[in-house]
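Paired with chain B in one complex and with chain C in the other, chain A is shared by the two complexes that follow.
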Partner chain A sequence: MNLVTHAKGAAGFLHRFEGLRERLPGARLPWLAALRDEAAEAFRAQGFPTRRVEAWKYTDLQPVAAAGFDEPLTPVDDALDLPPARAGARAVFVDGRFRADLSSLDGLPFAAGALAQRLDALAGRLGALARPAEEPMAALNTMLFEDGLLLELPEGADGGVLELLSLATASERPAAFHPRHLIRLGRGARLTLIEAATAPEGARYLHNPVFEIELAEGARLTHGRLQEEAARAFQLATVYARVAAGATYDNFTLNAGGRLVRNEIHVALVGPRAACHMNGAQLLAGEQHADTTTALEHAAPSCTSRQTYNTVLMGRSRGVFQGRILVRQAAQKTDGYQMNRALLLSPEAEMDSKPQLEIYADDVKCSHGATVGELDPEQVFYLRSRGIPEGRARAMLVEAFLHEAVEGVTDEPLRRALDAAVAGWWARQEEGLAA
Partner chain B sequence: MPAVNETIETVRSVTEGTYKWGFETEIETEFAPKGLNEDIIRFISAKKGEPEWLLEWRLRAFKAWQAMSEPRWAAVRFPPIDYQDAHYYAAPKRRPKSLDEVDPELLKTYAKLGIPLREQEWLAGVATSPDGAPRAPVAVDAVFDSVSVATTFRERLEKEGIIFCSISEAVREHPELVRKYLGSVVPPADNFYAALNSAVFTDGSFVYIPKGVRCPMELSTYFRINAKSTGQFERTLIIAEAGSYVSYLEGCTAPMRDEHQLHAAVVELVAHDEATIKYSTVQNWYPGDAEGRGGIYNFVTKRGACRGARSKISWTQVETGSAITWKYPSCILQGSDSVGEFYSVAITNNFQQADTGTKMIHLGPRTRSTIISKGISAGHGQNTYRGLVRISPKAVGARNFTQCDSLLIGDRCGAHTVPYIENRCMSAKVEHEATTSRIAEDQLFYCRSRGLSEEDAVGLIVNGFCREVLKELPMEFAVEAQKLLQISLEGSVG
Partner chain C sequence: MLKIEGLTAEVEGKPILKGIDLTVPTGEVHAVMGPNGSGKSTLAYVLAGREGYAVTGGSVTWDGRDLLALEPEERAAAGLFLAFQYPVELPGVGNATFLRTALNAIRRARGEPELDAMQFLRLARERLRALSMPEEMLKRSVNVGFSGGEKKRNEILQMALLRPRLAVLDETDSGLDIDALRIVADGVNAMRGPDFTALVITHYQRLLDHIVPDRVHVLVDGRIVRSGGPELARELEREGYAALQAQAA
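Here is the complex of A and B:
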């Protein structure tokens, strides 16, 4: 057994870091070496969080900590089975590493490419938003990241639609990879980023991405995340976004795959009239565990935030929603809204929900709502009284519930991708139910 | 805003020291030495002439407490408490044998608080509501520092088979009941403050309603902290047998002092088949002054068990006092079709902090719960609703509705909402909604244009905001609670 690369538990990852320290990208950059060392210290102090840590009350990382991970293999020129492109421009990552040969980024009106190639230019920017001391998974990422997507849109640029595809390969030993994605939009720039994560069935891996997103005044980023990881995979994603005056960050996350998944989003609205929309759907079956955790900070006046998350639970799955809205004293005229709904379709499923308001300004309008329950028998009855068989009636209501979450997405390409993913998931479940 | 600032100033100047219950009674008091150890616990137990099993029970709780640390998860901040620097027992020296022998100083104290202890005064209509109307008789257990000094209307209640007395008395006279139920809802080592209470509890009320009896009058306990450097650790136990009904009220006040005093109570309720317990609190402990000096630390564990089918426990609380409130009156809904309710108004003004809410634990099928919480923050107050709704897999068809509204008055205060929703039952339905806003300018303007002063307008709007909760209070308390809301908010208009 190769002790240098095999990582089990927090100690295993720390051990790997010690072994790789000198060979990680940017090892010669003092600022980056210091950043990684600090992150390693933070990770050493926290380890994999247990459920005693409030932020992880409902998600137990024990299965991740207990699994052993290897270093992803060096890419071989196997013919990879890439899903059809969702946009003209596409950046492809395989096991966390950028693959220029599979990507199509030529002719873009902005800089897009592998982060590992440009590290020397990223002092002060990489790590500007991530908080390894607070979020242990961000610490793990900072300590071990090798690559990621670097996007820089100049003032006024319209980036159109870009796909970020993250692919994991099936190997004998599970791999762990920690891509770090850095995205910056200049004043008034616009971009739709469709991120898709998938892998062949049976692949086992830990995908631990961190996004650092900065939006300058008036910029607009639509960020769709289609998480369709392999059934035995772990994805623990942490997104940090900083939104300046008049800018808009739109995040839609679809959690459909994976064995244990956490989608953690931290957004700070730091300029007046900034806006944030965070929506998502979690589609869970079998033994899946999916956690969406949002932390939204209103730090400037007259900002708006909207959140809607719908979760459908089948089998023995478990869904978690934690959503915190923090309104600082300066953030007068805040308008914040958050809704999370869950539909329990199995007697063995569980949904835990913890919406949270923390408000220090008085001239605000903030509300949140949460519902958990089964399909409304009255609605089923209504459809049946119209001659629709019960099975079909229930299916219609579930579809409606799922599409409700997607409805708010105004970006056409993203919406099409989401609709297709939702419809595909539900069709698979129905097949399963019929079988 | 200048007009608003002016109002704030005017109101502040008028209302400095509005805590009119802040006087101290000069009365000879017997203290246990300062400190907390096994000897003190033995002292308390001996003072109360307790049986051996209870002393053992206390000592076990004390052991558990020593191994625990203060909970730090609540959104409240306070300097470390020196648990050795307080008297854990303080009692007036002269102990009455009957109501007629109650120390006149005590009678005066309670009269001043609006709580006549002489039954004839109630019956003669001397006891009046703030609006001057005669009040319906209320049986009162008056707890002064560590002891119960009087319990009224006992004979009347005994006729119905109802036991209403201090818990010390119950230990002596109904040991089988106390032994059966004490700690059965809140185990001695439940949490840090409950363990402390279990070790050193001194007095509190005991209520037993026999099968099928509807308690003919409101039962009430009035808690008064009087002595310096003491804490109050009362223990209340209410048992409602099958098909019975009781409405219980508690009120509390304390003198104005610069020191913080600890109040760590435990309340346990048990409702059997088809029994109903209605528990109302108007909590008006001294909140500290405008600079945040002094005030009571109110760290309380209250829990009710709906053991029987179709039983019901309803908590109503109006929390206006205390420097810090840490309190989560909860319901364990075991019996099928049992019902839990929680209605709360919590006000924090000046430097008050409140972290309060409830837990509804649904275990039985078709159990239902309702949570209505209204938080009002003013001045530098911090107000947190923290609640848990947990539906177990067996709670088929369970139902919860939660509504938490927060009102902010001024831009130096905070309002927070932290609900936990855990649903493991498909057929259960849980709904939660929460809002935070301030008093709308147009509402204020409308009231002002009708000739109301700004304070009256705020009072009116706040009372409207709290109406859903206040209407759950027994009539007598509702009127007082409304006044109290207004007084608590004085000096905060903006």
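Here is the complex of A and C:
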């Protein structure tokens, strides 16, 4: 057998797929084999998108395409440094592979576990939302995923808080992993999912997760994403959510780590009175590049959507926000709001933002706004006139800006996790500035 | 003693203060009155050290120290406080955090021990009560969503907490109803004493019924054109600034 462990560029990943095809999880399931083959065709056609592709105009994947990646090493029961748990229940993935030995999912009132073990039951569900033909990173994921988290909450279940921890290990050669997470909440079910991605400093890898999330009538999912990848890592995440009548999808993403990061979220509000809150903060320094791209589809009447993204940029970092709201003709009485603010703390930092509203219904309330600016000198002076030294005054205003992004998060455990992450990030930057 | 001598200043290249001479002995409260655009706020900002307000000549000393050589925060530590004509909104900065950070910064600069959250809260509650202000003002973002009167009272609350030795109040009376005006005036009067010096800037004489000044100065087109006792304020109220403006022109 031709075992391809090293992949470089799109051709490298395709070559790896050819080599692994027969041994990937679910290889004997015809529907899954077909899904992977189609994804491979889509990826072959698109490759890593260049900036000539409209959706990737501001984010250049060249560094990802140029890097070579190995397959993650076979997991061993090594002494891993796990961050403290953020919730009682925790699913741990190391280099994209589920680790039962590190997870604590016992006694949960719903199904939670490794997707790879349950593939035979997922025909028609896995791949129901992802669009490999449109999103090349979803194509890459579909082609090569080995595992992921499978969560199924029955009607009316209260799942409490669950942590999904993705840990990457530092190895000689950079690794690439493509976890596929599938989440389904039955009618009226609720869950808070706190997803954290991190790795030891210096680790190099590509983390390319895809989420497919289905919320039945009246369900509510709070999905917090704490992206604190290692400084040289790539994370290209694609989230798909389908929200039925009266259900709510709450997504808060903190982009604080990584060298090149994309947080792409596709949400479809398909039943009346469905709601979506997509909020986030991007905290960037040095050479970091972070991209938040949202695509929100109002397909049913009387749905509500709220988006607020705040980005702080230091050093030579670059931030991107692209937000598309599509209001279909059937979606009368849509209430949509999108706001995106950037605070530039360095003359060399840059922010690109592109809001895009497409409205085909006539009875619609939809607004958007974007601001890019530096700290307000009048505010700095007001604080200084009260005896607060300039450095502290500036720090207070940055903290306030960051706080503003987090303040909409009502879920307590998530709020605490975010506050801690934001405070930690800012403390590290201040240390850096002082040094 | 606050001593301003031959002070000239410009904003965006435009001369605004054209030679101000003004002395306020320690323990006195002086009023500065003048028509709109005469340079009252510019004088206040120059004293507080705001960027963009360029001093082109003259000097300002406070207790013998060159005030103009100090950073804004150093002036605050030296005892200066400016109540802004237009208090600045700080979204996301809690009023309590703001007040405690300011108070502790000044205490630190003075070599006094900092107050912990509990000690601060006790002190803030006491000052709020004295100013008939609701405690929930501490929980809101600084000046965000405050009415005009609330913003002015918040300035006085800051003054009551920071206990400056030299206060510059820039039209703290404008936009206040009579009750709020009385609260503000009481707040200032409560601080009066041998170690409290103030410059009360106002457009109207109304405030000076409640805060009776030791001296009144009239600022027209960047210069002090007249000085006198409290009766000067009443005279201006009767006769307006027109005669003085004509004289200055």
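Quick note on the criterion: the second predicted complex is superposed on the first by the 432 of 435 C-alpha atoms of A that agree within 3 Å, B and C clash if a C-alpha of one lies under 4 Å from a C-alpha of the other, contacts with A are read in each partner's own complex, and residues count from 1 in each chain.
FYI, a contact is a pair of C-beta atoms (placed from the backbone, for glycine too) under 8 Å apart; a residue touches a chain by one contact, two chains touch by 3 or more.
Since the model is a prediction, treat every value here as computed from it, not as a measurement.
*Asks:* Once both complexes are superposed via chain A, do chain B and chain C end up clashing or fitting?
*Replies:* Chain B and chain C fit side by side in the superposed model.
*Asks:* Contact-wise, after the overlay, does A:Leu20 reach chain B, chain C, both or neither (first, second, both, neither)?
*Replies:* In the superposed model, A:Leu20 contacts neither chain B nor chain C.
*Asks:* Figure out whether A:Ala65 sits in contact with chain B (first) or chain C (second), or with both, or with neither.
*Replies:* The answer is neither, since A:Ala65 touches no partner chain.
*Asks:* So, does A:Leu102 touch the first partner chain B, the second partner chain C, both, or neither?
*Replies:* neither
*Asks:* With the two complexes superposed on chain A, say which partner A:Gly387 touches: chain B (first), chain C (second), both, or neither.
*Replies:* In the superposition, A:Gly387 contacts chain C only.
*Asks:* Please compute the chain B to chain A to chain C angle from C-alpha centroids in the superposed arrangement, rounded to the nearest 10 degrees.
*Replies:* Result: 70 degrees, to the nearest ten.
*Asks:* Is A:Ala55 touching anything from chain B or chain C once the two structures are fitted on A? First, second, both or neither.
*Replies:* After superposing on A, A:Ala55 lies clear of both chain B and chain C.
*Asks:* Can you work out, in whole Å, how close the C-alpha atoms of chain B and chain C get once everything is superposed?
*Replies:* For chain B and chain C in the superposition, the minimum C-alpha gap reads 14 Å.
*Asks:* So in the complex, the part of chain B that touches chain A is made up of which residues?
*Replies:* Residues of chain B touching chain A: 73, 393, 406, 408-438.
*Asks:* In their complex, what parts of chain A are in touch with chain B?
*Replies:* Counting only chain A, the residues touching chain B are 54, 329, 332, 342, 344-374.
*Asks:* Inside the complex, what are the residues of chain C that reach chain A?
*Replies:* 48-52, 71-73, 75-77, 81-82, 84, 87-88, 90-93, 97-98, 101-102, 105-106, 109, 141, 158, 162
*Asks:* Where on chain A does chain C make contact in their complex?
*Replies:* Touching chain C: residues 377-379, 381-390, 392-393, 396-397, 399-401, 403-404, 407 of chain A.
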